[in-house]
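Before anything else, here is the set of structures, which you'll find just below.
Paired with chain B in one complex and with chain C in the other, chain A is shared by the two complexes that follow.
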Partner chain A sequence: MDEIDPRRLVQIHPERISHVSSTDYPGHWPGEDHTWDLAAFRNNLRLDIQRLTPSTLDFDLVGVDASIANALRRILIAEVETIAVEKVFIWQNTSVMQDEVLAARLGLVPLRIHPGRLESWVPDATATDANTISFQLQVSCTRRPNVSRDETDPSVLYENSAVYSSSMLWQPVGQQAALPDWLADPPAVAAPDIVLVKLRPGQEVHAELHCVKACGREHAKWSPVATATYRLMPHIRIVKPIPERLHATFMQAFSPGVIGRRRTEGKKAGEGEWEVYVKDPRKDTVSRNVFLHPELKDCVKLGRVRDHFLFTLESAGQMPPQALLPEAIAVLRRKIRVVSEALEELMHPTALEEEEEAGGKADAAEEGAMDVDA
Partner chain B sequence: LPGHSADYSHATFCIEEEDHTLGNALRWMIMKNPKVEFCGYSMPHPSEYKINLRIQMYDNHSSLEALQQALSQLDDLAAAIEEKYTASLEAEQWEQGEDK
Partner chain C sequence: MNALPRFELFTLGDGEKMIEVVEDTKIPNAATIRVLKQDHTLANMIRGYMLKNPKVLFAGYKVPHPLEPAFILKIQTDGSATPVEVLQETCNTLIALITKVKGKLGEQFTQKELEVGLEEPFGAPG
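And then the complex of A and B:
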């Protein structure tokens, strides 16, 4: 635990936090070189997947700056494109739910469609089979015959008393029916048991749903993650040995499993036989409860490791969670490429303007020199 | 797209279609360059989707070059992260694999 370089720690005091920003810039520490070095970065970088379930991915990212981790988190939430229902054409809706409320609910249903199958939606585009997927929802509720008089459960009394998302059926449009991978893995809803609206006999819902591809910045329904969060790895250091009578208090001041108790090495029965040690700081929620006890306050130093991020990604159903991070990195690289190309355009503009630019730059460079001296 | 402003070794770039996502990451990477005297970014207004990035260099170096270098270094960084991720995914060393 104590091998962590103290410069990497955010210090947590009872009432405040210090040393929050990273300081590994060239010029900050005299005599040290913190220039960007790809090889050193790759050596220090660690990405360990901790847990993978059908919905969630937990992994550790060690060795990057907070700005990069935050960029990945923001991209996952807002800039990875997925497909969701956008336009709802309602032919018939005699249910008690208003058209627009039903349409809003339909938009939020996650669809298990690979985003690569559609082109992104540009504003004012016409709907074609390359940028739109069509679903059909047609459900009407009828009374079931031969049900006992005392029955009160609507799912027994009526047929289709609730419209589930499993009733949304894909309607192939144009060329979509001919593509073999679409037929092998047809577009469908991610969860079939979402209740959309409840009906009673005589009520019917008949709607055509058009789905397009966009990103979470437009509307949260296009966000691929239920959420993407990260926290920093807690760091606990015991600076003074803790008297045995306070062991139980100390262990309870932290989350269960963080502090363990073991026999001290080299000491037999009597004083100092048992000691507490930091068993698993990952489980800690950093509640700073230990600072409530005056006798324990000075025995421990709390902190967080500034470049060790514990990510948790929970997919909303459009993509399996392990596919989320590569998509986010691809989006990040695309954004870098766009800015890079525009910068190229600025630095080496095409043909005519180049001469004026060159003249302008020569003057500007001299002015730059005057600025530095002043 | 980078807008305009004075073309010195000190320069302010106005980049549209960007926010803190790329802005902070780019600022950090530019600061890792030892020739940079000052680098900062700000969002003029949160409702408008653009950032202003200011770079000042020592010794008359070109700020455009610093920006270009930082962009390509960020690209390398992203590629390295992806590589480690795919390696970890293939190694399948994670602790629990329980279901929802």
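And then the complex of A and C:
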């Protein structure tokens, strides 16, 4: 634990936090060279997968600045595109739920469709088979015959007393029916047991749903993650040995599993036979409870490692979690490339003018912008 | 009431240019760069990695108003490069960095798992 460079630590005191910003840039430490170097960065960079389940991915990202980790988190939440229900054409709705409330619920149902299958929706576009997927929802509720008189459970008394998301069925449109991989893995809802609306005999819901591809910035229904979060790796350093009578108190002051107890090396029975040590700081929730005990608060130094991020991604069902991270990185590269290309055009507008044909009113506007100095 | 339609947060309008550079007359080797339709996601990254460039004396960003989708980046260099050149270098640095992260990610997963995530839907309509 003690091999972490103290400059990498955010220090946690009983009432405040210090050393929050990173200091490894040129000019901060006199006489040291902190110019960013790709080779050094590559040696320090670590990405370790801790846990992968069908819905969740936990991984560690070590060696990047907080701005990169935050950018990845923001992009995972808001800028990775997925497909969700956008337009609901209601032919019949005699249920007790209003049309618009039902439509809002339908929009939030996660659809297990690979986003690469559609083109992104642009404002005021016409719906074509390249940018829209169509589902149909048609359920009506009827009374079941021959049910005992004292039965009260609606699922026994009535047929289709609740409309589940499994009733949303894909309707191939245009060229979509001819694609073999679409037919092999047809568009479907991610979870079949989501209750959409409850019905009683005589009530019916019949709607056509159009789904488009967009990103979370447009509406949260398009966000691919239940959420994406990160926390910094906690760091605990025992600076003074803890007396044996306080071992139990010390261990309980941290989350379970953080502090362990073992026999001291090189000491036999008697005073100092057992010692406490930091077993697994990752499990700590940094409650700072240890500072409540006056005799323990000078024995530890708490902190967090500034460039060690413990990410947790939980997918909402559209894509498996291991597919989310490469998408986020691709979106991030695209964003930087857009800025980079715009800068290129700004710096060398004449090169582009020669390559493009006449009709360069865009270039003329750029030249104008270059002349506008304060 | 004052909010823009959501797609305008990230789509450039007609005739809008993404980047505008205004040279600073009072401070040597300084410029103010206004980037449209981007937010803290990009701005904080650019500012953070620009600070690691030894030619940069000052780098900072702000989002003037949360309802307007734009940010302003102020850069001052020591004269060995212009602010726009330094910004270009920083963009290249960031792309190299992200590519390294992506490489590390690839090493962690088996090829089969990655393919499941990144499969191209060949034969997509249109």
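As a working rule, the second predicted complex is superposed on the first by the 349 of 374 C-alpha atoms of A that agree within 3 Å, B and C clash if a C-alpha of one lies under 4 Å from a C-alpha of the other, contacts with A are read in each partner's own complex, and residues count from 1 in each chain.
One rule holds in what follows: a contact is a pair of C-beta atoms (placed from the backbone, for glycine too) under 8 Å apart; a residue touches a chain by one contact, two chains touch by 3 or more.
The shown structure was predicted, so the numbers you read here are calculated from the model rather than taken from an experiment.
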Request  = Sticking to the clash and touch definitions up top, decide whether chain B and chain C on chain A clash or fit.
outcome  = clash
Query = Should A:347 be classified as contacting the first partner (chain B), the second (chain C), both, or neither?
reply = both
Request  = Check the residue A:129 against both partner chains and state whether it touches chain B (first), chain C (second), both, or neither.
outcome  = second
Inquiry  = Which partner chains sit in contact with A:333 here, chain B, chain C, both or neither? Use first/second/both/neither.
reply    = both
Inquiry  = Under the stated touch criterion, which partner chain does A:232 make contact with: chain B (first), chain C (second), both, or neither?
reply    = neither
Request  = Would you check which partner chain A:65 touches, where first means chain B only, second means chain C only, and both and neither mean what they say?
outcome  = both
Request  = Compare chain B and chain C by how many residues of chain A each one touches, and report the one with more.
outcome  = C
Message = Output check: A:53 vs chain B and chain C. Expected answer is one of first, second, both, neither. What do you get?
response = first
Ask   = If you stack the two complexes on chain A, which partner ends up touching A:88: first (chain B), second (chain C), both, or neither?
value = neither
Message = Going by the contact rule set out at the top, does A:42 touch chain B (first), chain C (second), both, or neither?
response = both
Query = After superposition on the shared chain, which partner residues are touched by A:74: those of chain B (first), chain C (second), both, or neither?
reply = both
Request  = Would you tell me the residues on chain A in contact with chain B in one complex that are also in contact with chain C in the other?
outcome  = 25-27, 33-36, 38, 41-42, 45-49, 59, 61, 64-65, 67-68, 70-71, 74-75, 79, 322, 325-326, 329, 332-333, 335-340, 342-344, 346-347, 365, 369, 372
Key: Of all residues in chain A, those that touch chain C in their complex   = 24-27, 33-36, 38, 41-42, 45-49, 59, 61, 64-68, 70-71, 74-75, 79, 114, 116-119, 123, 128-131, 174-176, 179-182, 215, 217-219, 319-320, 322-327, 329, 332-333, 335-340, 342-344, 346-347, 365-366, 369-370, 372-374
Query = Residues of chain C touching chain A in their complex?
reply = 5-7, 9-11, 15, 17-25, 35, 38, 40-42, 44-49, 51-54, 84-85, 87-88, 91-102, 104-105, 108-109, 113-114, 116-126
Inquiry  = With touch defined as at the start, can you tell me which chain B residues reach chain A in the complex?
reply    = 1-2, 6-10, 15, 17-22, 24-29, 31-34, 58-60, 64, 67-68, 71-82, 84-89, 93-100
Request  = Show which residues of chain A lie in contact with chain B when the two form their complex.
outcome  = 22, 25-27, 33-36, 38, 41-42, 45-55, 59, 61, 64-65, 67-68, 70-72, 74-75, 78-79, 322, 325-326, 329, 332-333, 335-340, 342-347, 360-361, 364-365, 367-369, 371-372
